[in-house]
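Shared between the two complexes below is chain A, which pairs with chain B and chain C, respectively.
This part shows the complex of A and B:
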């Protein structure tokens, strides 16, 4: 238990001043600007927005700068900031089918309407350090090609057309919101997806990996991954209609998984779904795998693997909660520890007393313990 | 019968008008405050207005759909700034924009109010919306062309062991 302590104000003030000094670092090196973070560390900004659960590039860049690049600290800062703002309401449902595509690939169909476009990707790079980046060398503008305006029809849509994949259940009642109501179990898929969308990328990646290695296998194919910009609309009470708010960048992953069928239903593929703010394919893919693993019970599959355990996954996915509980251990626990120390001393005294009565010299015991 | 038809036509016109207004709002939402201000300066609007709702920063929960096409769920929030202005001629304009730029929300609201005024609509469309729309379309076309240059044609190869 943590008991409040007093004192140390000056030390704390000085420690924070020292933090500010170290954050700025060598004054001969130019300070980094929020624009530089936003543009040149863009994927870091994406991750902080996603797990901070707040879409605002400038704030995420500020959080990264303030946190000295510590991503979880930056995510924490963003989560804390959002609590200071009123909520106007919820947006209309975003239509990812109408996304202005910057990347779209499928591992299941090589020829699909709209085609496959790689976009800005690390895929197929050799992962060799590029020493030309140590200086500010000129980068040639990206190549262009005539763009046909064909819609990028989704792979799930293609399969659904031929009845080969499950449909999605229609809306039923209120949309769960774990920022308003604490999570309880069993949780609906809406709450699970909200939890996973803001969940720690590393945690979800490890869980997703575990399903591939056999702990809750669900035979996935990356049906489609798309990244691009989508329009957001919000029904404004005062205006009386849905107003356009602008566009945000999203990455969506449609995982196509092992099929299921029953006496009354023809066999068909099942689906896992992942989505993240900005460009974050790893997170979206991991989320889709975990979403599918969490549906094991619903689909009548064998359960028991960590990724299929809803309470385990959803209770431990949030890195702000996790870091809070792990890191609180470093706060003064003096009273707690004094109590334990007192108990331990008492137990030791009793032990030595028993030993003395049976004739073993105390020094010999201490010697044993030391060895 | 004829009354129903005229009513339908009226509804169609209203729908059409709202679609145009929303399209203008969409352009404003993606524009920079300074560019909107420049457009407003160009049309030299001298209509007096009051702040019906001073610019306010808040959050909107962004909703996705399960599987992309199913029931809604909450992805996460976004910062949004809203404002409303009223012209002395009575029109109330609304500005709702992603981000935390109060000035932009207020300018967008003013443009929306002016857009609703029959006398001002054309100059708002021609001098503010049209140039911004063109700028945005050019940016979008460039991004689409750069994306198109990364189009791949994967083809599967016949493996040796399949040939007999």
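This part shows the complex of A and C:
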């Protein structure tokens, strides 16, 4: 016999206690420290900071630990904390040209001022499981050399000098903030880039890939990818000048894309731009491809592919929103379900009544439906 | 790292002011979806973040809060949201509809008549009633601006042509004050008539979609229909087996693996209230057969 259920509250508390227990796991295994996550799962921390839109390695490491390694859950934790923080203002534009380079490569020139700097990369590693990592083996410190004082001018700037590539878009006044204002369409490029920078890596990767396979092809070259630290400055009203806040690690990608020109514009290369916190080339490159795809309309190119559709891309890129809405299907829906059930019963009854009048037995119809 | 200290009802005062401005605009233009800068909340999008933000913005220390999901105070998410406000605002909570000053709901309107000193806050997943006819926001905003609702009427007409009925059982579209077509949130259409001329203020919050809309007190709300196919609220042809109510919306509960089922009030407070007044269960013989 059914009785109205009470006790949801205790069930929830118990579920959370069980979660805490499972998160800790076997007590004979030492608990993982935030330092270990920060240093040894550094790229995971980078991703959580980037899509969580909060540059704080310690908090990101905590979020990863609390989320049991579920990256989207960790991103969500960081976002939910970030939104409670007071906002003092916007920093000065960062100058990635003055980046303290850890890695810098160009696919468009064999050599260029500053040279190709490989840095720490998975590229060219053979993906063979390394069993020496199963235990704490001694890793010799990497070789170092005196820092090169060369300035690493961006490849796009080098091309710009010869007029072969479009100029950098001019900064136009205040930059929008979609965490403070609802996004509306058409969105300016500032908001598009902000949305993509916070967007899900997997979603952007798939969209970028689709452009390469012909759904909005834009003939990209990896003009330059650079990773390193950049100083962040904030203009202090009281002091009357910009004060440095510290350095953050960034990965920037400048895609160089073919453009065949239009009636009013000469053929030239165009730009797609991607940037992410920490070291994340996949994300930055995908973002640059999608940024360029979203410019199709502005450049008078043929449109219609998913990656070129601003409303489609920007409305679905956020994994915290997406996971929330997909997973909300777990919540009870029995009121709506009952309403549908009632309607369905009525429609079915009418259907069978019509069939009965025309002389088809009910079983035969059910049989058809099952086949 | 220090443990963060949160403001009354979680949101900071600036954010509350921003939400209140959106609410005021929504009340001034009944049924119009006001964009607002929805915040990331500590619960997932799609789990009531819009309703929670609206509630947080209107809640005062004297308020008495009731939270229901599917009509019940004890469903997991209702429990979770009630707990959230107990923790962050310390307000008194209740399960009694008549005691509450603010009622946050998902998918139901309480059975008991609401009064002028109450506010009903709905959680809304997709605020745009035209969304499944036209996926683009740019396009649907234009359609609302021009009151261009032909597409919706065509959809309802096609339902009738194909099925003999309007095949929408919940989130049944309404028109507010003869102007904006509005999604009443996924309440069963049984609840639609309660929206009209309601003494309580009704606020709708969609967090993920960043929209707030409202039905001011005593506003006429009509469910879309045709003269020859008038709107009909649906309810199971049964009475509650716990309190014998014949006027409440019913949940169907499967009681064993033989397909036997029973009907009980979806509004648990209404059912409990009736039982406290001495309304008893109906005789078991009146149960529907399992294969009905």
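Everything that follows uses one rule, which is that the second predicted complex is superposed on the first by the 329 of 371 C-alpha atoms of A that agree within 3 Å, B and C clash if a C-alpha of one lies under 4 Å from a C-alpha of the other, contacts with A are read in each partner's own complex, and residues count from 1 in each chain.
Note that contacts are C-beta pairs under 8 Å (C-beta built on N, C-alpha and C of every residue); 3 or more make two chains touch, one makes a residue touch a chain.
Computed from a prediction, not measured in an experiment: that's the story for all the values here.
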First, second, both or neither for A:11, with chain B first and chain C second: second
First, second, both or neither for A:80, with chain B first and chain C second: second
Which superposed partner A:332 touches (first chain B, second chain C, both, neither): second
Contacts of A:193 with chain B and chain C, given as first, second, both or neither: first
First, second, both or neither for A:277, with chain B first and chain C second: first
Which of chain B and chain C A:139 touches, first, second, both or neither: neither
First (chain B), second (chain C), both or neither touched by A:263: neither
Which of chain B and chain C A:29 touches, first, second, both or neither: neither
Partner chain(s) touched by A:59 [first = chain B, second = chain C, both, neither]: both
Touching both chain B and chain C, residues of chain A: 58-59, 82, 86, 179
Partner chain A, residues of chain B touching it in the complex: 18, 22, 25-26, 29-30, 53, 56-80, 82, 84, 94, 96-100, 140-156
Chain B-facing residues of chain A, complex: 49-50, 53-56, 58-59, 82, 85-97, 100-103, 110, 115-119, 142-149, 154, 156-157, 167-172, 175-179, 189-191, 193-194, 197-198, 231-232, 234, 236, 238-239, 241-248, 250, 252, 254, 271, 273, 275, 277
Residue ranges of chain C in contact with chain A within the complex: 1, 4, 6, 10, 12, 35-42, 44-47, 49, 69-71, 74-80, 83, 106-108, 125, 136-138, 163-165, 167, 169-171, 186-190, 208, 210-211, 234-236, 241-242, 249-253, 255, 262, 264, 266, 268, 271-272
For the chain A and chain C complex, residues of the former touching the latter: 1-2, 4-9, 11-12, 58-59, 62, 76, 79-84, 86, 179-186, 311, 315, 320-321, 323-328, 331-336, 338-343, 346-347, 350
